[in-house]
Each structure stands twice: as C-alpha cells, then as structure tokens.
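Take a look at the structure below.
Going by the order they are written in, the chains are A, B and C; count residues from 1 in each one.
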Amino acid sequence: MSAGAAASPARLPGAAVAQPAILLHVRDVHARLGGAHILQGVDFDVPGRGVTALLGRNGVGKTTTLRAILGIVPRSGTVTFDGQPLDGLATFRVILRGIGYVPEDRDVFAGLTVAENLRLAERRGVPPRYDLVFDLFPDLAARRRQAAGTLSGGQQQMLSIARALLNPARLLLVDEPSKGLSPRLVGETVAALARIAEDIPVLLVEQNLAAVRKLAEHVLVMAEGRIVHAGPAADFLADAALTQTLLGVSAGTGAQA
Amino acid sequence: MSTIVLLALTGIGLAGLYFLVASGLTLIFGLMRVLNFAHGAFLLLGGYCAWLLGAQLMDAAGNVSNAGFLAMLIAALAAGAVIGTLTELVLIRPLYRREFAQVLVTVGLGLVVGALVMGIWGGDPRNFPAPPWTHGIVRILGANVPASRFLLIGVALLVLVALVAFLRHTRYGLIVRAGVENRTMVSALGIDVRRAFTLVFALGGALAGLSGALAGVYFGAVSPGLGSMLLIDAFIVVVIGGLGSITGSALAALAVGLLQQFANYYFTGIGDLAIVLLLAVVLLVRPRGMLGAST
Amino acid sequence: MTRAPGTQPRRFAGRVTLAVIVLLLVAVPWLDLPTAGLLPDRLNAPGSLQLLGLCLVFGALAMTYDLLFGFTGLLSFGHALFFAAGAYTFAIAATVFHLSGPAALALTLGVALLLPLVIGAISLRTTGIAFAMVTLAFAQAGAVIVGQDPGHATGGELGLGLAYDHLPQFLVGVANTRYLYWICLALVVVVAGIIWWISGSVTGRVWQAIRDNERRVQVLGLRPYVFKLVAFVAASFLAALCGIAWLLLVGGANPGITTAEFTLSLLVMVVLGGAGTRWGALAGGVLYTFLDQRLAALAGSPAIQSLPTALRVPLSQPLFVLGIVFMLVILFRPGGIASLFGMHGSQPARRRWLAWLGRGAARR
C-alpha cells in the first residue's frame, strides 16, 4: 500500500523530473529577535532529494533558521530556492514558490474544523490533493467536521503536515514533528514523513535522534547561531564523540523510538 | 410594565448602535491587534456624508423619502468603506509589524478628522433629515416606543447575521477567522493576509459609517462630538465582549445598552458610571473579556 | 574621575546652558520685549505670561506621562484623571470647603497619593491593552462623576471657578500673573528634577528593564508589579501637582481635563517630542500647547485669511495641524523632535524605546 501510494496518480507532477543537486542555498543569514543576535551567519545547502536534518541543542536557532528562510522573522543574507532568490519576499510569496511549512507545535487553527483548516490551504487554480492527503492520513478524513483544537497531538501533527502537502510543494520545512508525541505516534509520523520524502525533499528540524537515523541522509548541526557540522547522517550518528560534543547526547542513548 | 418595555427596547436599540460600531473595531483588532482610534472618525464621516446628501434630498419640513433615506445610508456606508480602505493602505500598511505605531497613527487620524469636521461644519449639532416614520411612535405592551429604536434593532440584527454568514461561509471569512488565531500561520499557507487586513478595515469602516447615519437618526442630529462619544462606548463593549469576538460584542452591546438605560432610569443618570464599573469588574475577573480568545 | 576625557567639560557646559535658560525664564516677567505676533502681547504682559505658564504646565505634565509610558512602558489612557484630581480636589477644598491654601494643598497631596495607589493597585493586575482599557474606564468614571456634579461640588459641565477668599493675595488678579508664571516655572524645575533623579536611580533602571522585557526582570527575582506601582503613583502624583499649578493659572477647573481626549493629547505631546527622552516630552508638551493656543490666533491673521477656503479651514484648526504633524512623526520620525535636535537622555534608552515602538503588541 505504501509503495503504491508513492506511485499513485496523486503523486505530484514533476516529481519524477530530475531535481537540481542543490535545491536551497542559505548564505550568511543573520537574524535578531528582541535585541538578541540569534542567527550569526548561517550557511548551508539542502540537496534536491531526501531528508536533511537540522540538529542542535535547544535555543541554537534551528526554528529561527526555518522562519528566517520563510521571511517570518526579518533577516539579512541570501537564500536561493531552485535558482531563484527569496530575499525580501513576503512569507506568502516564499510559500507560493513551492515550499511547504510544518511549524513547531503544529499551529493548526484550533477554532476551525479539520476541513476548514485544509480548505484554507487551497489555492486558486491549483487542484487540491485531498486524495493524497487522506490516503496518507485516513484519520483526518473521518474527522473532517471536528474542531482542530479538539484533536489529539498526533492528529494535529498530521493535519499540520496535510495542510503543507495539499498543494504541490518542491520542498518541505518540518519543525520538530515528534515533539510531545508518544513513542507510537512518533513512529507513525516518521513513517508518514518517510513516504513523503520519497517524493519531496525535506528540511527537518528534529531532536529525536532515532527519528533522524530513520529519515535523514544528511545532517546539519547548529551551535550558537551557526552551522558547525555538515555531512552524511550515517557518519555523524556513528561518531559518538562528535554527537556528544555537538548535541550533548550520545546517538546510542538519545534514541527513544 | 410599560416603563420596563420602553427602557428595554430603548436599551436594545442603543445596543444595536453600539454593536454596529463595536463589530468593526473587534474585527480589526482580532485580525491585526490594532485598536482603531480612528473608528470614531469613520463614524463621523459616514454621519456627515449622509447628512450632506439628506440636506439635498429633504423637503421643507426636513423629511426625506424612504428611497432618499436608503441612499443616505448607502452613502454613509460607502464613505466609511472608502476612508477605512484608505486608512489601511496609506497609514497602516507602511507600519506593518509595528502594531504600536499603528495604534498611534489612528489616534492622529482621529484628531485630524475630528478637527476637519469641526472646521468645515462647525461645532453645533446639525439636524438629521429622516423619513417621517422614524419619528413615529409604536405602541407595544402599553409602552410608546419611538420607531427609530426598531430601525436600529433591525439593522443591527441584519448586520449580525450577515457578519456571521460572512465569517462562516466565505473564503475571506475563513481567512479572517484563521488570522484572528494566528496571522503568521495564515501567511505560511501562502495567503496574502494583508488583503484581509484591507478588507476588515473596509468592512469596519463601512459599519462605522453606517452607524454614523443611524446615530444621526437616533439622536436626531449629527455633531463633531458624536464620534468620540460612541467610540468610548464601543471600546467598552468590545473589551467586555472579548477583543476579536463578534458574538461577544453582540452580547456585550446588549448588556451595556440595557444596563445603561435601566441604571439611568432607576438611579438617575448613573448609566455611564454603571457601564464603566461593569467594564472594570469584567476586566479584573476575566482580563480577556467574556468571550475573548484564550490563545 | 573615571569618565572619558572631554565628558566633564561638556557636562559642565550643559549645566551652564541649563542654568542660563532657567535664569532667562525666571527673568521673563521683567523683559519688556516685542514678540512679533508669536505671543498675544509683549513678552512680559499678563496674556503672554499666562500662555507661557500654560506651556510650562503641560510640558511638565507630558514629562510625567513620559515617565509612565516612555520609561516604564505602561500605556495608560487614564493619566488625565490624576491631573484632574489635583485640580478639582484643590478647587473643591478652597471653594466648597473654604480651606486655607496650605490646608487645601495638604488635602490635595493626600488625594494625589492615595487615588493612584488604589487605582494603580487594581489596574496593574492587568497588562497591555487590558491595562490601557481599565485605566480608560477609571478615567471615564472620573469624567462621568465630574460631569454629574455631585452635591454641586464640581460644577458639572460649566466647571468650578476657584474662590480666592482663603488663598494668598499674590495669586489674585491679572497684575499678579507673573507669580503664577513663576509657580509654573518652579513646577517644571521640580518635576524635571524629580524625574531626572528617579529615572537615573536603580528604580528607574528597573522601570526601563520592565519596559524592555518584563519577564527578564521577574527572572532576576524582582517583582515588576511593585516597581510598576511605584512608577504609576509617582507619575500620577506629579501629574496632580501639575493640576494644582494649572488650576491656579487658569483660575478654575473645567471638565475638559477629565476626558479621554485629554489623555490622548498627552500621548501626542510625548510622542511628538520623543518618548523616553524626558527633554523630548517637555519640548513636545510646550510646543503642542503653544501651537494649540496660537494657531487659532494665527489663523485670524490676514495671511491665513487670504488663503482659499480649502487651505484656510484646515489651517485654522490647531488639532488638524497637530494631528497631521503627529502622523508624519509616527510615519517618518518615530524619535520625535528630540531626534531632530539630537536631544536625548541616553542613546541606548532611546533606541530601546524605538524598538519597543516597533514591537508587536501581542504577536502570534
């Protein structure tokens, strides 16, 4: 079933076309929030396939990096997406270039129903991919009329991902999808992301190293507002000394699921 | 009994007026976090536009036909919508992400429009032309109730139903409801939320303009002080009802209108004090108001 | 001793300039100079002194509002209440209770301390917009009570003329306007002195820290509530002093000073001058009052009268001109007048205020 879904008609058009080697260039990005210098020259690349995990201890600026790429927080520096600069664009225009965003803490609209949350994401002239979304998350189809605020954490996470997938996206930014979820739900979320990542490259912020191990091909590690390590995920996670230094956990014991 | 009926209907009529002013304020605040101090100015412009048109249409006795009256109301609505839209585009938008400066600039606009109205038409109240039936009396349960009360109640109910339908069943209503919860996330779905900003300012302005004309009918005249007077009442209603909540505003308007009338009648002239006390109590017990969003 | 070289002489020069300005202002009643139409009469004529006194009082009042709003970040819409409380309490004490000057003053000072203590203690349980609204509600209650004229004490819509029978004779009569002017000048000096002292103290620094980031203050183990209450009471008490001076200068209280519009005009003064700068608020208050009073007179001048109606009508409305200037300042010069002249208490404080001005009220 899962392999079939990836090849189903709901699969986004153009996904099979060769993606550029590097989809997103981030160069010398600085951001300040309330007087604090959060991002201090962030440089990295996101390749055009697979999951790239952005790791780091709490408060190093991972979430701010995603928000800076989207223009939610003001930033300097340059960000290029698929050869086009995103600098100075309003957030909605960045999104319309083909980036899907799954924020930290889901941020579903609690007072709106599941159906309304999804309808909000519809775009004029773009057929919404409800078949794909409900195939991935059949739970949501059954709860269309329920207020999003009354969903469980895991269901909210699915809704948040579904919202980002409703339109064809060429890159997904996903912020801590496993946060606050039970181990079983983390497993389900990871499985869903793995299926999504077959089609769409993902930039994933994640604390759960077990999830990273299952999903990521590349890792970027942040410390104090900068990228301090970039490389293949397998090499990084195998190096206990390095994970201990950069993340404060050893890859072996940090696993939960 | 007849006194209670009269007080109640007058209170509900006044509540209708408060709701019309407050609904626009609460929509704007809910979506943009801007307490619009220029709302009284929108109301004033609507009221004076209707009066200007009415002065052209009225007969020697100061009456206008029903069609003329409808034209006056539409003129007020349009004037409010235009000034609301311009305010958002010219003054609010350049200060995007600076909510505090946005509030201050609406304070300035309120001063400017108030002074302009004063300069052009003077400080004296101007008699407001209306169809004869609005001056009539309706006998209901032994009470003689001025017909203008029913006009206000009717229009307010119409607007309430229309607003709720707009918010429930239209795309922009959906965007507004979502934006009240979390504007950033609306943009992060690829929606230009600033268009919704312009829309709520146009809508709020239109409702304020309409209430300017209806206030003219209710009080029989328009004067430069009308804007700031109703603005403060509307602030009280909006805060009691919970900033951003339409139904909250409707309920709070009802509470404020009725309390004001009954307190005024039974404890001579303390109506204004009573609603201020109600506001203080509600705020101290529930700082977000009766139906304020908890997020 | 550890100051950078050059700071000492500059500070000294600043103090000398300040002393010269104050001395010049003290000497105004003896300076019989023409004013080229800027003031209603020659410089030391009673009409001119009255106008200058008014400018000084509102300058001082704007500084007290700046203490609350620019320094502590408390957006109150009820500051007018305490100014009015000072004016009305004194007027009622002297006129209705027939108290002597010192007794009336003592009573007013007591009210000026107690009223903000009670109202502040209640209002400060809320923050942000809710605080603004509660203070507006209290002020509105004050306005309603004054308008209702309970026991014929406030004079209602007409206001309350001050009875001078039990007050010192030098306060009475047009010829004695210069004493009133000196009282206003003394008020500015006292209010400025207290505000400089208190805003430079440890308490003042905590206020600024609260404005910049209240949670951080909490984390440091301090109770922001107590510090905010002190700021509220201090600013309101000084505002009441301004109210007494205003009452003596004008000769009676009127309900116009109880309105929300009056508080809004204080907000305009402070922002116009440059919030969080102290001098800026003073300058804003003086300039606002001067324009408010004199634009109308200037509008009667032949130069304005000869303009076409489309220009003449708006220009003859002081609030129109002030409102336009205010909006332009917000849009293009958020630092106010102070930023034009490089007058600022301390650069970092000003920059932080601008950051505060730009920050979202309740961002989500």
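Worth pointing out:
Definition applied: a contact is a pair of C-beta atoms (placed from the backbone, for glycine too) under 8 Å apart; a residue touches a chain by one contact, two chains touch by 3 or more.
Just so it is clear, the model here is predicted, and its values are computed rather than measured.
Of all the chains, the one whose CA centre sits at the greatest distance from that of subunit A is C. Here the chain pair with the top count of touching C-beta pairs is B-C. Centre to centre, using the average C-alpha position, subunit A and subunit B are separated by 44 Å. The mean-CA centres of subunit B and subunit C are about 32 angstrom from one another, to the nearest whole unit. Centre-to-centre separation of subunit A and subunit C, using mean CA positions: 53 Å. In subunit B, the positions touching at least two other chains are 181-182, 184, 295.
Within subunit C, residues 359 each touch two or more of the remaining chains. Across the assembly, subunit A contributes no residue that touches 2 or more other chains.
Of all residues in subunit B, only 174-175, 177-178, 181-182, 184-194, 293, 295 touch subunit A in the complex they form. Touching subunit C in their complex are the following residues of subunit B: 33-35, 37, 91, 94-95, 97-101, 103-105, 107-112, 114-116, 118-120, 181-184, 228, 232, 235-236, 239, 243, 269-270, 272-273, 276-277, 279-280, 283-284, 287-288, 295. The part of subunit A that touches subunit B in the complex is made up of residues 70, 72, 90-92, 95-96, 101, 103, 107, 109-112, 116, 119-121, 123, 163, 167. Residues of subunit C that touch subunit B in their complex: 122, 125-126, 129-130, 132-134, 136-138, 140-141, 144-145, 148, 260-261, 264, 267-268, 271, 313-314, 316-320, 322-324, 326-327, 330-331, 334, 356-364.
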